[in-house]
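Across the two complexes that follow, subunit A remains constant while its partner is subunit B and subsequently subunit C.
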Partner chain A sequence: MKNNRLFFWVLTGPGTAFLLLFLILPLMSIVVFSFWRTESYHLYADWNLDNYRVLATNPSYVTFLLRSLFMASVVSFVSLVVAWPVAFFITRYGGQFKIILLLLTSTPFLTGEILRVTAMQQILGPIGLINMALTTFGFDPVTALMYSKTATAIGLIYLWLPFMVLAIHLSLLNFDFELLQVAKVNGARPLRAFWEVTWPLNRAGSAIGVVLVFIPTLASSITSKFLGGPNGALFGNILAHQFGSTGTWALGSAMGVVLFVISLLVLYIVWKSIGDLNRSGITIKGGAE
Partner chain B sequence: MTITRRKLMQGAGAIALTSPFIRNAQAATLELRWLGWEHYNVASIVHGFEKEYGVKVSSGFFDGNSEAYNKLKTGGTTDYDLVMADGFWPRLYGKQGLTQPVDYGQLDNMQYVFDDFKAPNYMLLQEEGGTNMIAAPNCWGGYGLTVNLDKIAPEDADSLSVLFNPKYAGHVSTSARFEENIALAGILAANTLGTKDGPRPDGKPFNPYVLTDAELEEAKKLLIKQKSLLLTRWNDEDTLERLLRAQAVWVSPEWSGIYRRIAFDKMDGKSDLNMQHVLRPREGGLGWVDTWAITSGVDSERMELAHKWINWRLKPENMAIIATDVGWSPTVDVRKLIPERYVKTMFLNETGAIKGLYQFDAPSSPEKWERVWSEVEAA
Partner chain C sequence: MSDTVLTLEHVSKNFGAITAADDINIEVGQTEFFALLGPSGSGKTTMLRMIAGLETPDTGRIVIGGTDVTRLPPYKRGIGMVFQDFLLFPHKTVAENITFPLKMQRSSDTEKAEHLQWVVNLVHLEGLEDRYPHQLSGGQKQRVALARGLVSRPSLLLLDEPLANLDRELRKEMEVEIRRFQLELGIPFVYVTHNQEEALTMSDRMAIMRDGKMEQVGEKFSLYHNPTSQFVASFLGSPNVFSGRVSAVDGEIATLDWHGHAIQARAHGGLKPGDAATCYVKSEKIAIETDAGEMSGEIRDVIFKGQYADFLVLLDNGEEVTVSSSHRGQLVKGAKTHIIWKPENADGFPAGE
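Entry: the complex of A and B
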């Protein structure tokens, strides 16, 4: 009994200490700072709710938050639509190459985020591949691709798509594809079979994919910084600004807390939407209990 | 094991005998740590210093003065012996007790510095209202306009209003630095409101980093209007250079390095672009002299070394490397050591221009400026 307890602490102790020290403690300090005040780069421990009042009432910060929520929704939805066929193809027809195909979709992750975003600039910008090709052939360049919210969305989808593919693939790995044959025998066309069999039984994979794309998009700043143009600042950009050049840490901390609370809310909604795991995604070939 | 008196004496004797060597070993590994802009970390200059004085040099980097200031405020004065700062920032460091006076008596190479960067011509290296020198100069420059004269009318080229002119919609760019965007718009706003040359609330001459509420409001309006004209706000010089070369951008404020590279290409017959750099637009412009300051955490042993480092950096041969290899204009007269085309494009025959440029500074109220910038970004 005593040995078991010791074994438990040896196994969980380092991880718990790490999380406490590097996750919980910084989060706590952010929460504390959010109730303080900054003035000319100084942080004063004057407890107040002013930062939250500013965030709730100043239209600029509300705009940034709405922009980010909208961007995260669009990026998650498009990623979901694009990732499904890819994940389906890899799982259903990938055979012995499944892992290799999956790894190939993650190849961009072998480089840093800034490099990937810079590469996107070379494709989407006014002197990028697409617009240069268009102008070479006498067409007008596509202005929507030049330093715009559309360019940011494309960049973010490119960044997070592999997470969505992975989540759906992992869900599909446990899916019994023979169910689709049964649906077909019973007269269902492929689209109907997808909607009534594949989709509901893999809802958990889609939901986890949405979480993995939605939350990082909500907090993202680098992609919009490089691709977004003058009208593309997101909540993450303004948050990063508070801790960088403006030195308004207290307001930045409050923004961080707001972002954290929204992320928790998204997790809760997704968790609720999944419902009964056995019936909505965690399917086991041969039947779940 | 028992420790006898004899063993104790033997141990003490051994320590006494070896201690001079221990001290020497410590001296040999004395480390000088500086915090500055990464481009100034030139290997040949650093290695030369290490070899000359038998010490080790390490460095930390930042992207802007406010970032460096925050680093020093959060314990950086014990982590770094020297810090780089430009414009009014050395005075702020001094006032906050983050740096300590620099002894110009130990800087022989100050004799090579242009008079335009010494008192009484340039006073920001001296403490406000005092006689102590608080920093030594390094490089200087403006934040002027690089203009494509094939696209921009000559009568518009030397005015800040070119950045707000609807005629050039879609081909204007500015950097993402919020302080300089507001300061440039502030100069134009003060001109429009007629407040630039009048008496100021603080009794000091006009400073675009200390704007009145009315000027700040006008600057905000200008910046919001400007958004529809901008192609992008650049975050790195490479991006701006590519956009200028491809003629996607016709005008942008920049440090003049891009202008110089394009001008060199033209001289070498590699480019046809007709570029001009306006160091001081007619309404006024921004400028900077970056400096070396010694942090308050430096002890007497490192103090001497810190002065040697500054003196080493001021050596004309080292400053010539900064000019040609790094691309910033030195405050030291290196005109005889570098090719003429560098002298011309680095404005080394026009160092007096620094007097007419408003020096980089901290915003008078970072909170107020942050709010203005957020409103501009959200509009």
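Entry: the complex of A and C
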């Protein structure tokens, strides 16, 4: 009994300490700062709700927040639609190359985020691959791709798509593809079979993928900074600004808390959307009853 | 056959270097229970999958109810299928699983309800309609799988080793029930199994397959009692094998010289004097007697099975023969005995075929 307890602490202790020190404490400090005040690059511990009042009443902050929420929704949705066929074919037909194909989807991570976004500029920008080609052949360049919200969205999808593919792939690994044949023999056309069987049984995978894409997109700033152009700033850009040139850390902390709360809300909504676990088929594989 | 429902004509299928089906011809009639029996890897499941449309034959034609379905996708064939491992949809209730084929056919809700009621009563699943598959026992899952195959009243039901994952007792019970469903519905069942007991219990006719080839097709009694293929003679029942040289052939009956004994069997495959031959005699077709006789020896062991017993007889020539017979007091271990069989109960084939 005593040994077991020691064993428990030896195994979980380091991880718990790490999380406490580097995740919970900084988060707590952010929460605390958000109720303080900054003046001339100094933090003062006067407890107040001013930061939140500013965020709620100043229309520009609300606009940036709504824009980020919209962007995150679009990026998540498009990633979901693009990732499904990729994950499906890797899992179903990847055979011995499954792992390699999956690792290939993560090649963009071999380099840093800034470099990747800059690389996207070389494709989408005014002298990028697409528009250069178009103008060379005498067509008009596509202005929608040049320093726009569309460009930001494309960049963000490119950045986060691998997570969506991975989440759906991991879900499909536990999926019995023979069920699709059962559906077909029983009269379901391929798309119907997908909708009746594959989609509901892998809803948890889709949900996790959406969370993995939505939350980082909501807080993202670098992509929009490089690709978004003068009017493309997102909530994350404004947030970063508070910790940079303006030095209004308290307000920035409040913005961080807002993002954190929204992220928790998204998690809750997604969890609720999975709904009855029987309906996701999750109960069939292991786990406690 | 005038009421033929399913016809396979010269159907062949290769997977790379493996021949899964080699020039297969089958006809299945309206009220027939047809079993495809063979060891694993013999191509019987591939055959079923081709009938279902899950595989396409390389050559040949498949006709169901007068329509050539060879190139038709599975969802347009309108047949029912029961899979090994049940393969129920884990996220759907029993009722939803069963009515799935009707949902795909866009049947009305009343029709769905009527068919569900009918099939639930047929397979005895009353009261389980709202359960999920993980809440069912193996036997109940099997019934749901059967119900799903039958609910749309298909013109043909395919069954792929449906009882392989059930325990022995349940399997016996389901064998009888599946046969009852088939008789009640009057539609053909095509049943794939590697278990000859299942095939013999349920079927009217059967086909025995090996390495993608059809060894013999016919009524089950005729296959069991009158095998014309060496493989079928060696596969069905639990035959004793005798290898020897043919000393004489008189009409249909060949005489073999087997370790000093002259044994008789029906001659197959053009046996002639001087040929090396293999003879198969099913263990229950050998008589065991307590007095002296031609092939004598002593009982080495008795394996008592209740309704009958297996007697392992060590003959004086040093060979061992298994005889199945009712258990009798005199037939104890060590008892002197002799064995004998009628020539028409033994089948001889050229050796090494």
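Keep in mind that, in the parts below, the second predicted complex is superposed on the first by the 276 of 289 C-alpha atoms of A that agree within 3 Å, B and C clash if a C-alpha of one lies under 4 Å from a C-alpha of the other, contacts with A are read in each partner's own complex, and residues count from 1 in each chain.
In the analysis below, a residue touches a chain if its C-beta (ideal position, glycine included) is under 8 Å from a C-beta of that chain, and two chains touch if they have at least 3 such contacts.
Since this is a predicted model, take the numbers as computed values, not measurements.
Student: With both structures fitted on chain A, tell me whether subunit B or subunit C touches more of subunit A's residues.
Tutor: Counting residues of subunit A touched by each partner, the higher count goes to B.
Student: Using the superposition on chain A described above, determine whether A:Arg53 touches subunit B (first), subunit C (second), both, or neither.
Tutor: After superposition on chain A, A:Arg53 lies in contact with neither partner.
Student: First (subunit B), second (subunit C), both or neither: which does A:Asn186 touch?
Tutor: second
Student: After superposition on the shared chain, which partner residues are touched by A:Glu178: those of subunit B (first), subunit C (second), both, or neither?
Tutor: Once the two structures are laid over each other on A, A:Glu178 reaches subunit C alone.
Student: Name the contact category of A:Pro200: first (subunit B only), second (subunit C only), both, or neither.
Tutor: After superposition on chain A, A:Pro200 lies in contact with subunit C alone.
Student: Could you pull out which residues of subunit A sit against subunit B in one structure and against subunit C in the other?
Tutor: The overlap between the subunit B and subunit C interfaces on subunit A is empty, containing no residue.
Student: Spell out the residues on subunit B that touch subunit A in their complex, using ranges where they run on.
Tutor: My answer: residues 63-64, 66-67, 69-70, 73, 176-179, 227, 230-233, 235, 239, 242-243, 246, 248, 362, 365-367, 369-371, 373-375, 377-378.
Student: Quick one: which bits of subunit C touch subunit A in the complex? Just the residue numbers, please.
Tutor: Touch residues, subunit C against subunit A: 52-54, 73-75, 77-81, 83, 85, 87, 89-91, 100-101, 104-105, 132-134, 148, 152.
Student: Flag every residue of subunit A that touches subunit C in the complex, lowest number first.
Tutor: These residues of subunit A touch subunit C: 176, 178-179, 181-189, 192, 196-197, 200-201, 278-281, 283-284.
Student: Would you tell me which residues of subunit A are touching subunit B in their complex?
Tutor: 38-42, 58-61, 63-64, 121, 125-127, 146-147, 225-226, 229-231, 233, 237-238, 241-242, 244-248, 251
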